[in-house]
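Naming follows writing order (A, B, C and D), and every chain is counted from residue 1.
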């Protein structure tokens, strides 16, 4: 009976809001898992809750954490001793333009805001990918050691170099993949498949971990069956 | 090997980043007893250079040196390094700061831009200083180029040159060859099959934002798919997870229908914003699959964990599935659960292949030849590295 | 990739589902406690943090949401513990809206255990929208990008301007950060940190990622752009082992082992069925 | 003009951000920093746009009594409740009702949704993961090695084997060499694609994101 008592009151000293929280969470968890049997109203109800909470959470957080400190405060309520940051009127206008998409007559103005974001993202992507994923990776390949390390490592390093080259060639679209080129491209697919296999393995691991997490919640926090 | 390298790098950077607060603690203590009459060996290889930071006001000079022979070795009694600065070529020295033992770098953040400075460094062992070594003159300037990014700039410009040249060529009607990408025709086949069966086509442009290049490539392909469905008058359902993507998809599909002369067949209710939340979105798309029974499911764009949910449910529902994404972590599932998969760049190549648009062809061809160039560069680098570890030029060019 | 379909759906999915369910629950109730080995990328990360001089400021990038908590929360907890053990001060910054309360959940018991004070020993800057644009802003100025913090509920400290927080007086940009631990569940996350921060500002970044993301990041480990990598729950368990405080990740490892074995069995079994059906089909054609 | 101005904005901001990367001069970086702050504000607005759209969609659904409109009421109602706690007048901090709803509703819902994948993966493993070809077999073998090598069980099963062929060693070798190489190739190719696309967008060659002419 001690267990039953714990189930409804939690360990001694637990705030009731925590226990209710566990119950709500457990019921919702089970609602979602009911989808495994088949799609049903419980699942749909939980899903509808999820959509609503997710959107409201995001909206409130954006307001409190981004718009207030960056737009509303600098413009309307500057901290004592600070002057009003008039320059923030511009992003304010762009933000309003973005929301004008709701008014068909003025929705074309939202393109200004879109242009701003897309332009910024494009540029930082060019330099970010250019440096992090292209130049640095070229340099890292160039400095692969083929001597001065153990034989095993030399072989593995050679495999790595061949792998990089053949995968790049697989993604070469200007020539038909025939003859020697086709052979190398084929090798590229093999490397890709090993990598995808590794990815698959890791993904299985990740998903299982999440399930373990939920199961731990149900068995430990809610039902107190394990510690 | 990687580990060792990383550990070394870590060590190096940690030394650089060690806060000056510690250096201050190690300041000379004049009351120290008993007297050590042998001064420590002096530092060597002192350099002072204008430091280029990311918001360069020309007020920083980087001073580096090789440790005193008595720092950590020899007598091992060096406790700190004293730094001085002079504005008149070493006639008067002002104390600048202190760096702890083991450190070989100091960042002077108090320089006046445009002033000529000399710097002096001496090792200190608690009682006496080594001979002062000096370097200079050096002038702090607000620099106009970040040299460490030279390689990025050069390779970027070469690449952009190639892209723009090929684009121009394509615009002039040059016949730029692109090999047939297996799986591309599958998209058209799938749409055709849906038409035969009188069932809709489902096109999921991923859950990426509009700034995501995969999403943009997907919208290009969507335009093509919309033209086919307009021609066949097959309903096209486009669920989206991002409001901005929805707006863009609306425009793209509407335009495609108009171009095919079927503006009235365009049904705005079929371009849907479902949810920003990944699984709510996946769940809602799965609902569409089960209720509206599309015969062809096309997943093209940026996908995360929802890929498996979508592909699995589509598989269950018996639809023809064609996927394409550059999100490599999702490719294994698409490869195993879909009829055709466009892997990685094939997605971008697909938009070029389908549209034959000069701009896309230009990008594709530019990338192709850039790959050839980078393979050549890497091969050359590997050989140079084999012959002579890291050659000076390579190290300088990539100054990583 | 072309694919032919064979109807081998003689087994109801729900049987598979039930088996998985049991395979997870059983080892949690009856643990086997198999020993945990440590892989090189985890060792690298641990060593890098061990090398940081006490008193330095490290940053924790919390870029995840509740869905990946089982994998990533143990990493966040262990990192904070590791930092507190070594007297490092921690600044938390989040690019995902859901992260700040999750990190706070990890901070609350650990701050009490180690007697650390909010505002001087650690600070939670909360969430800022913008993804890579926010990262770039942080490169220029962390306080300008995060004008207010998130606060700390456990000590009843509300959100306030960063100018009023002692620890933040010492943080202007990445010159002041000795190490970044980026715990990432997707985009924006580790890749964006590498591209926009590691590349530009040369700060050492170690990362904990979901298992799904981990294989993608090996090129960055190999090139030194990442100083260590924790991949998924196993990575977290290895890190817990190194730091010496086995927690949820370690407890989950037995279930992980059993389910993996089960999935392997499913694959093998599925293929046997597939090969038999292939042979039958061939027989029918001949 | 309805396209020219956005294209001009894209061009100017794009070029300026590129310049900011290569030019360390403080005159550039100071104004670039302000631009970046603007970016976060405009992106926040675009997310609000998404939420607004969601509300619109659900209202629409309810008004037209579309299938499942009851669930739309649930969605809007819970949104309203949450907004009542966490709106401009409310608080989102630890201990608030808003936070309680987040921790006890949002967290379990989202976690559980994600963990459903463990089940789906298992069934996909049984039904879709086939030795169809040499390539698929390679994928399969790598996957099995990694799956067993990344858990303590793999270590346990092969503990008496020579170090070099123990499953964890093999797994790490696969991850650090062939896997790394393939992903490096993918990264490099993808980076080029991203850069080319970025160039086209900045130069206004690519404008599909703006939609059609109006």
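One rule holds in what follows: a residue touches a chain if its C-beta (ideal position, glycine included) is under 8 Å from a C-beta of that chain, and two chains touch if they have at least 3 such contacts.
These numbers were taken from a predicted model, which means no experiment stands behind them.
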Among all chain pairs, the one with the most C-beta contacts: A-D
Centre-of-Cα separation between chain B and chain A, whole angstrom: 16
Distance between chain centroids, defined by C-alpha means - chain B, chain C (Å): 20
Whole-Å gap separating chain A and chain C, where each centre is the average of the chain's CA atoms: 11
Averaged-CA centre spacing for the pair chain D and chain A, given as whole angstrom: 4
Multi-chain contact sites of chain C, meaning residues that touch two or more partners: 3, 17, 20, 24, 40, 67-70, 98, 128-130, 133, 136, 140, 150, 159, 200, 211-212, 215-216, 219, 221-222, 224, 231-232, 234, 256, 259-260, 263
Residues within chain B bordering two or more other chains: 2, 53-55, 149, 152, 156, 210, 213, 243-244, 247, 275-277, 279-280, 283, 287, 305, 328-329, 332-333, 335-336, 344-345, 364, 371, 374
Residues of chain D engaged with two or more neighbouring chains: 21, 29, 33, 36-37, 39-40, 43-44, 46-47, 49, 51-52, 54, 68, 102-103, 106-108, 110-111, 113-119, 121, 123, 125, 129-130, 139-140, 143-144, 147, 150-151, 175-176, 179-180, 183-184, 186-190, 192, 194-195, 197-199, 201, 209-211
Graph class of chain-chain contacts, one of line, ring, star, complete, other: complete
Touch list for chain A against partner chain D, complex: 17, 20-22, 24-26, 28-29, 32-33, 35-36, 44-67, 70-71, 87-88, 90-92, 94-96, 98-99, 101-102, 108, 110-120, 122-127, 129-130, 132-134, 137-138, 140-141, 152, 156-157, 159-168, 170-171, 188-205, 207-208, 210-211, 213-214, 217
Partner chain A, residues of chain D touching it in the complex: 2-3, 5-18, 21, 34-49, 51-52, 54-56, 68, 71-72, 74-83, 86-88, 90, 92, 98, 100-119, 121, 125, 129, 134-136, 138-147, 150-151, 164, 173-192, 194-195, 197-199, 201-202, 209-211, 214
Chain A residues within the chain C interface of the complex: 36-37, 57-58, 61-62, 64-66, 68-70, 73, 79, 120-121, 124-125, 128-129, 131-133, 136-137, 139-140, 160, 195, 198-199, 202-216, 219, 225-226
Touching residues on chain C, where the partner in the complex is chain A: 14, 17, 20, 24-25, 28-29, 67-71, 97-98, 100, 126-130, 132-133, 136, 147-148, 150, 159, 161, 163, 191-192, 194-196, 198-200, 210-212, 214-216, 219-220, 222-225, 231-234, 248, 251-252, 255-256, 259-260, 263
Touching residues (chain side chain D, partner chain C) in the complex: 21, 29, 32-33, 36-37, 39-40, 43-44, 47, 93-95, 99, 102-103, 106-108, 110-111, 113-115, 118-119, 121-123, 125-127, 129-132, 140, 143-144, 147-148, 150-156, 168, 172, 175-176, 179-180, 183-184, 187
